[in-house]
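The two complexes that follow have chain A in common; it is paired with chain B in the first and with chain C in the second.
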Partner chain A sequence: MRHESDKQPGRFGPPGDAPRVIDQGSVWIMVAAPTLWAIHFVASYVLAATWCAKAGPALSEPRWIIVAMGVVCIALIAWLGMMAVRRYGGVFVIFEEITESSERGRDKFIGHVSLLLCVLSVMAIVFTTLPGFMFSTC
Partner chain B sequence: MRNAVFLISPLLLGGCAGRHNWLAGAGAEAARIEQLFWVLLIGAVVIWCTIIAAAVYANRRQVDPKLERQARWFIIWGGAVIPTFLVSGLLIWGMVILRDITSDSGDITVRVDGERWWWRVIYDGPDGDVVTANEIRLPVGQTALFRLTADDVIHSFWVPALGGKMDMIPGRETTLALTPQKTGSWGGLCAEFCGGAHALMRFDAVVMEPEDFDAWLAAEAAPAQVAEGDPGLAIFLEEGCGACHSIRGTQAAGPVGPDLTHVAARERLGAGIYAMNADNMARWITETHEMKPGIDMPPYPDLDGARLDRLVTFLMSLDHAE
Partner chain C sequence: MTQEIDLSKLAPPEPFDEARDKAQRARLMTVWQEPPGWKIITAVNNSHIGKWYLLTSFAFFVFAGILALMIRAQLAVPNNDLFSQQLYNQLFTLHGTAMMFLFAVPIFEAVAILILPEILGARDLPFPRLSAFGYWCFLIGGVFVCGSILFGVAPDGGWFMYTPLSSNTEYSGLGADIWLLGLSFIEVSSIAAAVELIVGVLKCRPPGMRLNLMPLYCWYVLVVAGMILFAFPPLIAGDLLLEMERAFGWAFFDVDRGGDPMLWQHLFWIFGHPEVYIVFLPSIALIATMLPTFAGRPMVGHSWIVLSAIGVAFLSFGLWVHHMFTTGLPEISLSFFSAASEAVAVPTGIQIFCFIATMLVSKLRPSVPMLFAGGALAIFVFGGLTGVMVALVPFDWQAHDSYFVVAHLHYTLIGGMLFPLMAGICYWYPFVTQRAMNDRASRWAFWLMFGGFNLAFLPMHWTGIMGMPRRVWTYDLSDGWAVLNMVSTIGAFVFAAGFAALAANVLWPRGKAPLVARNIWNAGTMEWSGEVPGKPWGARSIPYIHTRYPLWEQPGLVEQIDRGEWFLPDAEEGKRELIVTDILDARPLYVQRVGGPTFLTLGSAFCLGTVFILATFHLWSLALAFGAGFIGFTLWWLWTGTSEIPERPSKPVGRGLTLPTYAQGNRSPGWWAVFITMTGDMTAFMGLVFSYFFYWTALPDFFPVAAQIPALHWLLLGLGGLIVGWLMSVGARRQLGQGARGTAMALLLGAVLAGFAGLGAWAFAAHEAGLDPTVHSFDAMVWMLVLWMGLHLLLNAVMHVYVAARIWADICNPDYRADLMNLTLFTHFLALTAIVIFILLAVFPMLMGAV
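Then we have the complex of A and B:
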């Protein structure tokens, strides 16, 4: 899974072999899950606020949209978690300290942090979605 | 000296008692919030003691690499998994309480409109709206559904002894259901800063036996008992008071200020801040802004002597019919 570009800094491989954003060596996977939560959070608030201002006191339809958006975001985060395990070698619990200065050590650390952020982001999305289940009015 | 201050400090909690005591158990909704409060408080104390005990234990023990793995599991469960479940449980519990107290049903309906800085109160009477102000009377044991609105800025309706507070938002209606469990006069207030006299925007929530409440509502619905040619009413109208205040049964039908039909039947004056008596009423008319700075009502400092006495006598006669 190691890219040519990783071995030779400053050079990309042949067309079709460009480095993927979510792949070994890239740190973007760490911000991806919290970003999905942030998008879901803002979208939920904008949707509920607009709906309440324009459509009235009942919140029955938009709450299902918020739930659907939450399901999509959680599915994407699950995929990110899978990538963190497969491509970065991430695990939930690290029992040995990562002390070696190696690509493998760094990848494992990024995978570990990404996995934890995935869990945190899923919890945050669930917490954002829960009020939609509990309250049917604005 | 320091120890003495420490020992005496719990006495300051006495300031939390009284008419605004949200631990008074005076309302079913307040009792549910209180239950959540005690669980949170006791839970926080237990967790804090456990963590401090663990820290002391860890500090005194020799480092044992064999326990490293156990310690990591302890951190994962104690620092992440269990708190997640606890916070989720508390969130759901709190939301269930909030959902119930914002429900849309009740035995009686009371509309309350927040104004700067007083409360317009409207009951659904058998013969139509019963408008009053700055005092809310409720029957014990019955759920009162409050429909809350605001006329100018955001206010917040709160009777701490009866339950949680609810924002009053211009252009929107919010609801709050309160079920009083104890008779008595409880304090209500605005819990959202709304301008200069915000701290003086108060009201009384008087909880009565249901039959007393019915009698009160019937008396409140009746027009004012004003004798024909009452000189106080004449002064009231000549001074232009009727442009802002209503007194049902008279020509005064101003919609701007508090309805004064039965003003003398209320416990307090000036939106829950002064005792209702003739001296305070006279001062309210002549030194309005000294008593409550910033309000829209202009003072009438030139009104004195016999005219003021007649006006005050008239206003203090606006009680319920015997």
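Then we have the complex of A and C:
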């Protein structure tokens, strides 16, 4: 198995222990799903704030834009979840005991936590889309 | 090289030799010994800094607690005039400020600095001198802010310093400046500690401690330090804007000049709400660490706790507007934050359920720490439930700024933060002092605190619902709040008596008391492997860890560590050494040498503190002189204590393993520290970007007439200069790698000039357009962005000249060029900042049709 951390820095370039983005053996997959929630949240907030300040009080368009952005983000999170299961061997268990001292064990742990975070992030994104349906005006 | 070691197939340890063991211990002792006598103040070791940090934070806690008792005394009876209204304003402002900035956050850093290296089986954190620097900054800044009340000039605008009360110098005096500058200074030390702790968790784990084996405490430290990095910088940006308005009249918060006071509320609460979780999570981490010990089994749902820590960290950034529900924002905006506030209860609840599950599946050993932990859960759950109530917009409209909120926040903070901390104090007291506390006195303390707390704060729910507003100086008998307030006051004093009992128990001199047994609680985590009596070096040898609870699951480990059978059992070169490992699997990468005791960090912190204090009084030339002193001390510290060329490229560390003694690029902790610090810097910059867009959203006429928009060609020229400067720095790295020292030095110096030329073009563009920062928020914003770049270029210039001098002195050379690599990393961030500023100044106005 190839590991970025195994490489010595090249003659001129800095890399050596640089984490890769979503590839196997990367910690970034853990923060990717909540980051998508954060992006969706900020985008929804900015859209609503700008809309209410510059356009009109009616919310019918922004509501659907927020939902559409939510669907895109949830799709991306679903893809992340699939990566967590397929590449990392993540499982959805309650009594986890992923204490194996091996690269596979570490991958499974990262995959498992990422999977849980995917679920949490989807829930939080759904929460963000709900208000649009509660209010018809700003 | 070292990368493909299978740690489980290491060479067997050498047979034990008493003479060798003695010699090794003597050498380790010489290297790690604390400085004698009064020179102890130069100590940088985590065990000293951690202890001082802890005691100092508690001193500020006691100070703020006394203020609280004064507040309660004032409110005990109606129409009271025990304290003047003016003093009362200072009391509650300083109470909140000191509790949050001088106790709640620093105590996290204190505890982490004290126990994290030991939990990791490490000898120290990767930058011990940085911890020392952070500590001294904290002490100086804290004393300055708190001391102001003795002169009657303490801040009095409430702990969140709302504008325009705080921005208009007619309403707020010196106190607001003290708050802004004193706390900015302390935030610097918090960020320093956060950088240290993140790098510590990521790079200084013992060999073999993969991510899935990392103790929960480390996860929490990582998450919280990361949150500090994203939460504190927006406040620093806000402080900068507010102080520029106060000191120089720049138009940021004044409505008459196109400013908006709401901006402060946003910037403050983008910091302020994550802050609550920054305070809460580390204390919950203490429970998560001690609970398995008393349950006698691993934590149920270890990974679920990791999930909830990360989840809370993210969601807590989507809550800030729930402090602003009554400010008239669109209801749709409010409901996003209401939704997120409800969502955050899910991961928070998961943690609590994991704790309860662990208690249920095991037979919990009763003990004082568990008593405090139980009290903590009870109080916190209550506070969490009222939190779910106030997260609902209509309810909040009723309860906002009433004593209901005071009750809610004290239930969450005292239940979520203070009680777990007290549990931790009782739990780790034997670890720090190697003596036992008096259990009976601790139990008394608990029941007094628990009873007193509920007596004080439970009635506040009713006083709040009955309409008593926060921060009110006094009230009338006819308001009907008198009895409840009297009960609260009695409760507060009972609570204080409980804390006094605990404090006396902790501080009781126990020099002659017997030492405790080793690993007195039979815990599973590494910090309990330390010898009794303790040794200054921490771990006798740094072990290979392959389980989550090494002391339970790796039999014989402690004896192996003691016999020096693991890594770095010696200090032949007379240097303080740590093993740096990789992020995922903790494979050993190299041996890092860290600095020992020094006056330099003290001098550096003293000068920087003086700069902030002098700036409060607008004594600019003196401040400048001390600023030069700060730079001098810091450069001296860096020159003599970092990136030294080792006497040999690698050394044996034991068990047949040989590790390099130098690392550069992203193998070195220094590179990571720069990366993390600059992430924080970018967050502060994002605070400014947010401000820009906030004005654009809130003001219909944010953009002036076309003639007043800075000219595109000058802006483009400026961007060109800055980008050329960046490319020259990157080129210098390449040239040095090829051995061209002269060219590298020339490029570095050229990069400074190119950068300043670029800045000059931007400043000229703003000047030519006739922008005056005291006239309108657009002008002020443009100048602020230019100023931001200018401040960074000053730093950039110092660092470039420093590295050029290192090349000239041959400390930075083609084989050992960590300094230059760290510098280029800094310039990458600088280039990104330049591009974003260019977009804001040139591209965005064009897109919006203002040009």
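Quick note on the criterion: the second predicted complex is superposed on the first by the 115 of 138 C-alpha atoms of A that agree within 3 Å, B and C clash if a C-alpha of one lies under 4 Å from a C-alpha of the other, contacts with A are read in each partner's own complex, and residues count from 1 in each chain.
By definition in this document, contacts are C-beta pairs under 8 Å (C-beta built on N, C-alpha and C of every residue); 3 or more make two chains touch, one makes a residue touch a chain.
Remember, it's a predicted structure, so these values are computed and weren't measured experimentally.
Asker: Per the contact definition in the header, classify A:A78: touching chain B only (first), chain C only (second), both, or neither.
Answerer: Neither partner.
Asker: Touch test for A:E103: chain B only (first), chain C only (second), both, or neither?
Answerer: second
Asker: Check the residue A:Y45 against both partner chains and state whether it touches chain B (first), chain C (second), both, or neither.
Answerer: The answer is second: A:Y45 touches chain C but not chain B.
Asker: Under the stated touch criterion, which partner chain does A:A55 make contact with: chain B (first), chain C (second), both, or neither?
Answerer: In the superposition, A:A55 touches no partner, neither chain B nor chain C.
Asker: A:P131 contacts which: chain B (first), chain C (second), both, neither?
Answerer: It touches chain B and chain C both.
Asker: When the two structures are overlaid on chain A, which partner does A:V113 contact: first (chain B), second (chain C), both, or neither?
Answerer: Second partner only, chain C.
Asker: On the A-aligned overlay, A:T35 touches which partner chain: chain B = first, chain C = second, or both, or neither?
Answerer: After superposing on A, A:T35 lies in contact with chain C but is clear of chain B.
Asker: In the overlay, work out which of chain B or chain C sits against more residues of chain A.
Answerer: Between chain B and chain C, the winner on chain A residue contacts is C.
Asker: For A:M123, decide between first (touching chain B), second (touching chain C), both and neither.
Answerer: Both partners.
Asker: Intersection of chain A residues contacting chain B with those contacting chain C?
Answerer: Correct list for chain A: 95, 123, 127, 130-131, 134-135, 138.
Asker: Under the touch definition given earlier, write down the residues of chain C that touch chain A in their complex.
Answerer: Touch list, chain C to chain A: 1, 3-4, 8, 208, 210-213, 300-304, 306-307, 310-311, 313-315, 317-318, 329-333, 335-336, 338-340, 342-343, 346-347, 546-548, 582-585, 587, 589, 664-667, 671, 693, 697-698, 733-734, 737-738, 821, 824-825.
Asker: Show which residues of chain A lie in contact with chain C when the two form their complex.
Answerer: Within the complex, chain A contacts chain C at residues 3, 5-9, 11-19, 25, 27, 30-31, 34-35, 37-38, 41, 44-46, 48-50, 52-54, 59, 62, 94-96, 98-101, 103, 105-106, 108-110, 112-113, 116-117, 120-121, 123-124, 127-128, 130-132, 134-135, 138.
Asker: Quick check on the complex: what are the chain A residues that touch chain B?
Answerer: Chain A residues touching chain B: 57, 93, 95, 123, 126-127, 130-131, 134-135, 137-138.
Asker: Quick one: in the complex, what on chain B touches chain A?
Answerer: Checking each residue of chain B against chain A gives 68-69, 72-73, 76, 84, 88, 91-92, 95-96, 98-99, 102, 104, 172-173.
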